[in-house]
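Here come two complexes built around chain A, the first alongside chain B, the second alongside chain C.
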Partner chain A sequence: MTFKTTLIATAVLLACQTGHAQTAKEVAAEMRQMREELRQLRAELDGLKKQPEATATTATAATSAPNATSAPAPYASVAPQREAEAAPNAVSLFGYGELNFTRPKNNIAASEATARRGVFGIGYRFNERTRFVAELEVENAVASSGDSGEVAMEQLYVEHDIDDGLSAKMGLFLLPVGYMNESHEPTRYYGVTRNLVETAIIPSTWREMGVGFRGVRDSGLRWDAGVVTSFDLTKWPSDSTETKESPLGAIHQEGQKAKAASLAYYGALNFDGIPGFNVGGSVFHGGIGQKQPDIASPNASVTLAELHTKWQVGAWDLSALAAEGRFHDVSGFNTANSAGNPVPDQFRGWYAQAAYRLWRKGDYSLVPFARYERVNTAVNYSSVFPGQVVSTGPDNKVWTVGASYYLHPQVVLKMDVQKYQNDSALDRFNMGVGFHY
Partner chain B sequence: MRSLRFLAPFLIYSTLLTACGGGAGSANTTESLSAAALLGQAIFKDPSLSASGQMSCQTCHDPSMGHASPFTTAVALGGPTLSDQGGRTPPGINYLKYNGAFKFDADGTPKGGFFWDGRANSLAEQAKGPFLNAVEMANADAAAVIHKVSQATYAEQFKRVFGADIFNDPNTAFERVAYALERYQIEDTDFAPFTSKFDAVMQGKEAFTPEELRGLVWFNRADKGNCAACHPSTKPDNAPAALFTDFSYDSLGVPRNTEIAANADTNFFDKGLCGPTRTDLSARTDLCGAFKVPSLRNVAKRNRFFHNGKFTTLTQVVNFYITRDTNPTAWYPADPNNVLVYNDLPALERGNVNVTEAPYNRTGLSPALNGQEITDLIAFLQTLSDR
Partner chain C sequence: MRLTNRRTLLQNIGAASLCASSPFMTGVTWAATFMEVEQAQKLLLPHADTFQAVPFAPDEATLHALAKATDMRVPKQFNPKIWRASQGGKTLGWVMLDRVIGKVDLIDYAAGFDAQGTALGMEVLAYRESHGSEIKQSAWRKQFVGKKGPGTMRFADDIRNISGATLSCQHVTEGMQRLSALAALVAANP
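And then the complex of A and B:
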């Protein structure tokens, strides 16, 4: 470790003496080269440490089996070395958990405590450029035929650095939409539950199967693009309960035997060039009819677009996000399913949030926050027949006020009060604990 | 205490926030019906839409009976001259908005669907059936129904709601008639009032008598009445209170009812899920004899019970459940050698009858409920009537 530190310090000093400002790309290349050298040195050191042991083993073997050949297999000396090279930091474990208590203000009987999510992740780095990530999620503690819990692969993909500043991933991965979808550990957002916009409009945790690319430029620009699976209109329920909560959440496929006759395309652009500041947006467009012959809209599709910005300055953490989705070519489906729950044309929402670090001592800190959200999961319907009864909304207008109390940057106690201006029956008090590692 | 000191800032802040939680309030609800539902209401009550000119939906689904049959006969009389017997007792149609399309659960259990055999997948699909049934409203086809609608007092309103040229396309117009009836059943709280004594007790506004309370116990206990196995007394996720049905199917071995003329033919059997009215499951002989489990809400108002209207009192019904297999001679005819149990099914399909669950599984034993317990149970069932 001392050697590694010295090496890095030397490299940093050398870098400082070069007399010109390095680009992020150059720094990344240099760091990669340094890590490679360090790994080679560590492998050589491990090899030296094992040499007496190996010699003793060989001697023992030779003694016990005098007629055995002493010639090693062609690659026998390489394979163990490669294992020794990859082993020290190749595997990483990570995850997060959140446990919540909710008490609706006007319906005490509906109070609920649940181990909302336990997520267990494992990563494996094959080399400096190629890695694998898997994340297993257990929702609501127990999953069985008689329980409402869920076990799901949240992520399962291989990622490869094609070049400095350009990487590709393939498999089941989270889409780069908004803030919460890719970064949803409870320590990283305010409020006991995730905000409404990024659950009702952006169906986080939103993952699809496919191929994605990410590029990072020296200027602080970050772009994403990819081709992935999409949603499945045949899952649209005849009862509106689920679709009113999240139109896309009701028809997501999550990599479970996903219909893939119609794919989706996404693109995202973010600017991180000013410390503490981010602005960005994304667009997703995909087929949802999935060419299914048994529904009246086999070519239906959906487009979702969002814009977001965040500014972390001093003790303040300010952010805002707006998202809007539109369904296309669903009139046939709506006519054929007139009995139940038509598909809306449009759904949208936005929020603005301010948090302020009120107090900090060591690892402890207290961060109160306030957020206002406006979310409508069914803004309008046009593709319905005359006289068909449709229910727009609800047009939720929600204030969430609360605090996060950090015992450690990775462990947080939370509480908040949510006030629904459009329907006070939904007002509630929430408490929770969350962590990530 | 020192170890808890680190929580102090959070607890203080929590207390402040909780204290400032805001005032109470409740959501506004409106009881008004949509334009489509209002048309559905008019159609539901309109006898001119039948061939006889005397039969509306309401004729067989009387609001005062929980929208069940008002007739004291086993089945209703319909057709062009109101002289043709229906095949089954008109079922109660309250609380059906909480039902869903017919399906098989993951374990193979049939669930949902409308009619006694679940052959319709929605209220709208169900609503179309009686208009065209030769022994009910007896219209020749959709066009005949729509011609009558176009002559009705609400025809102009029908055009205003569904389009000025809607009558030019009888098939689409017929779909709109069914849609209107569905909206009426979904939106009008008369079809799901939840106003029984049971509801009042659950809301803490009234109390059961000791007899009713004991009846609830016998209703729920798996070793006694075990009624709740198919008629759950607990609230499902999609309704505000218990529905007293799980919308499943069961083969009960209800005795053959000779009041139904079709049963004069000894080779005819109404076998529910496997036909003959329903045609898509005819190969599933394991489902023969299974009929829809109805809601027990308003059961005490009914004049006839089960799909074939075999029984006329609730006491008969409960006694049948309790003693079907402990005293079969009370329910089934006997020839000189043996009792012809489950005689409304062909011999080969009598094995489908449920004999494994309480209260049936007591062959050779005493009945699951004694006389007082049966009285208690009936007292409880009477609390399920909407008021």
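And then the complex of A and C:
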């Protein structure tokens, strides 16, 4: 055994000391010397660890001398210490929660209070370049066969910094579409519920499985591109309730045994080069037919594009977003779909929002806001089941006016009133509390 | 016997790998730090010929003064490193290395101040999160240049936000406010 170990060590040593022919005796002597040096280094390190106060005092004495400029800067002693400090924080816990109360104006019986979302996140840093992130979400407090709650992995991915300003993620992650999809903590948006456009048209919280790249340039440009899973047309329900709420939300796969015969591609570009100002957009295109032999449109696809801008200046926070989606090659599916809920050609929406920080004292602040939205989840149909009559319906026009009262930048109490101009039955009063950590 | 042999093997390999690491591995760094402290010092105070470490162990009185000046609690982990930057023996200013939590993980950054405590710049040394690395962009960092004292760099009012990087922007701004208050203290008692 001893012979074996000496052989291995000798081989490694010989490999790295090319050009030096050494005998086993010389190697053994060198190793003894190295061990001795290592032992001495350890002893010195232990000594240093025991004397932090003494070192500080000496250094204070050195710097309190007025002309101590000739002393060399001890960078080397600083950097390793900071790396060592970083190690215990490799694990991070984070998450958010939002609890809401809704009371429809004309239907008090439908008032509802729910623990809308509880999200528990965990991150682990393998090293400074590679990390892992997971977020587990519980919607509506209870998930069981008799409840309408949901438990889901909202995110589950590994991210690696390839270079300064270029990173890649792999796994289940949120797409860089709009404002809310990636930053959807309740303290980040105004209103008790998420805005309609980024729920009905952009199916937030929208995640897919795949590979994504992000580059951040010093000029203020940020780009994203990736290949991910897409939607599944076979999930399109025969009842229109769900698809009218969100066409893509009705057929999303969310990394749950996702059909992956057809993939999707996305790209996004944002400009943040002027502090307080952002402008950007994104495009997503993916197959939804998933080459399924049992549907009439195995090559159907969807394209979603959006543009957004935000200007945060002084106490003002102004933003606007417009999104439009188009389904392609769905006529076969529609004409074969006698159940009566055809896939529309187009769905779109936009909003404009203004918020103003009226008051701030320490951590507390009060921010009233107003938002106007126009949304249509089924703009038109190009082909339907013969004889079928489908109404496209007008745009939904919604005013939301309310206020966020921050107890802390990460804890918010919210209140708002929503007025649906096309359907007063949907008018409502909302209250909620949200936080993230 | 077996254990002893295994230990010997490990020691031998350890010794051998020490040898292997020295000539070939020096160019490889595992940390995704964007910048070393020395580079940041040179960028922040390019005319200085000497950066001398100034030991700083915040006592109660200093922490209280910083909290009062910034109107914020000082985080428990607040423990910046300070260097005096000088040229030919004359103090030009200070470089401070600090770290704050962005959203969930630490951001290492360095700030430069002139001898009167006016901010000369800010450099991000390490950013470890998925989102918010836009704070590295020079347009955002430049906002601190020329500002003196925590009251001149209030988040959202004086230092504007980057959408999608709110917590990183806010926490680095708060860190800069603390360092700015500290620079005033150091400048008053050089």
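We take it that the second predicted complex is superposed on the first by the 345 of 437 C-alpha atoms of A that agree within 3 Å, B and C clash if a C-alpha of one lies under 4 Å from a C-alpha of the other, contacts with A are read in each partner's own complex, and residues count from 1 in each chain.
FYI, a contact is a pair of C-beta atoms (placed from the backbone, for glycine too) under 8 Å apart; a residue touches a chain by one contact, two chains touch by 3 or more.
Model, not experiment: these values are computed from the prediction.
*Asks:* In the overlay, answer first, second, both or neither for which of chain B and chain C A:Lys310 touches.
*Replies:* second
*Asks:* Going by the touch definition up top, name the partner, chain B or chain C, that contacts more of chain A.
*Replies:* Looking at chain B versus chain C, the one contacting more residues of chain A is C.
*Asks:* Please work out whether A:Thr241 is in contact with chain B alone, chain C alone, both, or neither, and reply first, second, both or neither.
*Replies:* After superposing on A, A:Thr241 lies in contact with chain B but is clear of chain C.
*Asks:* Answer with first, second, both or neither: which of chain B and chain C does A:Pro409 touch in the superposed model?
*Replies:* second
*Asks:* Under the stated touch criterion, which partner chain does A:Ala110 make contact with: chain B (first), chain C (second), both, or neither?
*Replies:* neither
*Asks:* Counting only touches as set out at the top, which of chain B and chain C does A:Val389 meet: first, second, both, neither?
*Replies:* In the superposition, A:Val389 touches chain B alone.
*Asks:* I'd like to know which partner A:Ala336 touches here: chain B for first, chain C for second, both or neither.
*Replies:* A:Ala336 sits against neither chain B nor chain C.
*Asks:* Let me check the overlay on chain A: which residues of chain A are in contact with chain B and also with chain C?
*Replies:* Shared contact residues on chain A: none.
*Asks:* Which chain A residues qualify as touching chain C in the complex?
*Replies:* For this pair, the touching residues of chain A are 1-2, 4-6, 8-9, 12-13, 15-17, 31, 34-35, 38, 56, 59-60, 63, 67-71, 73-75, 78-79, 82-83, 86, 89, 92-94, 121, 123, 125, 127-129, 131, 133, 159, 161, 164-165, 167, 169, 179, 182-183, 188, 216-220, 222, 270, 272-276, 278, 310, 312-315, 357, 362, 409.
*Asks:* Would you pull the chain C residues touching chain A in the complex into a rising list?
*Replies:* 2, 5, 8-9, 11-13, 15-20, 23-24, 30-34, 36-38, 41, 50-55, 57, 71, 81, 83-84, 86, 89, 97, 99, 103-106, 108, 126, 128-131, 133-134, 136-140, 143, 156-157, 159-167, 170
*Asks:* Can you tell me which positions in chain A touch chain B when the two form their complex?
*Replies:* Going by the criterion above, the answer is residues 105-106, 145, 238-239, 241, 338-340, 359, 364, 366, 368, 385-389, 401-403, 405, 407, 413, 415-417, 419, 423-425, 427, 429, 431.
*Asks:* Which part of chain B faces chain A closely enough to touch in the complex?
*Replies:* 6-7, 9-10, 13-14, 17-18, 20-27, 34-37, 100-101, 106, 122-125, 161-163, 175-176, 179-180, 182-183, 187, 238
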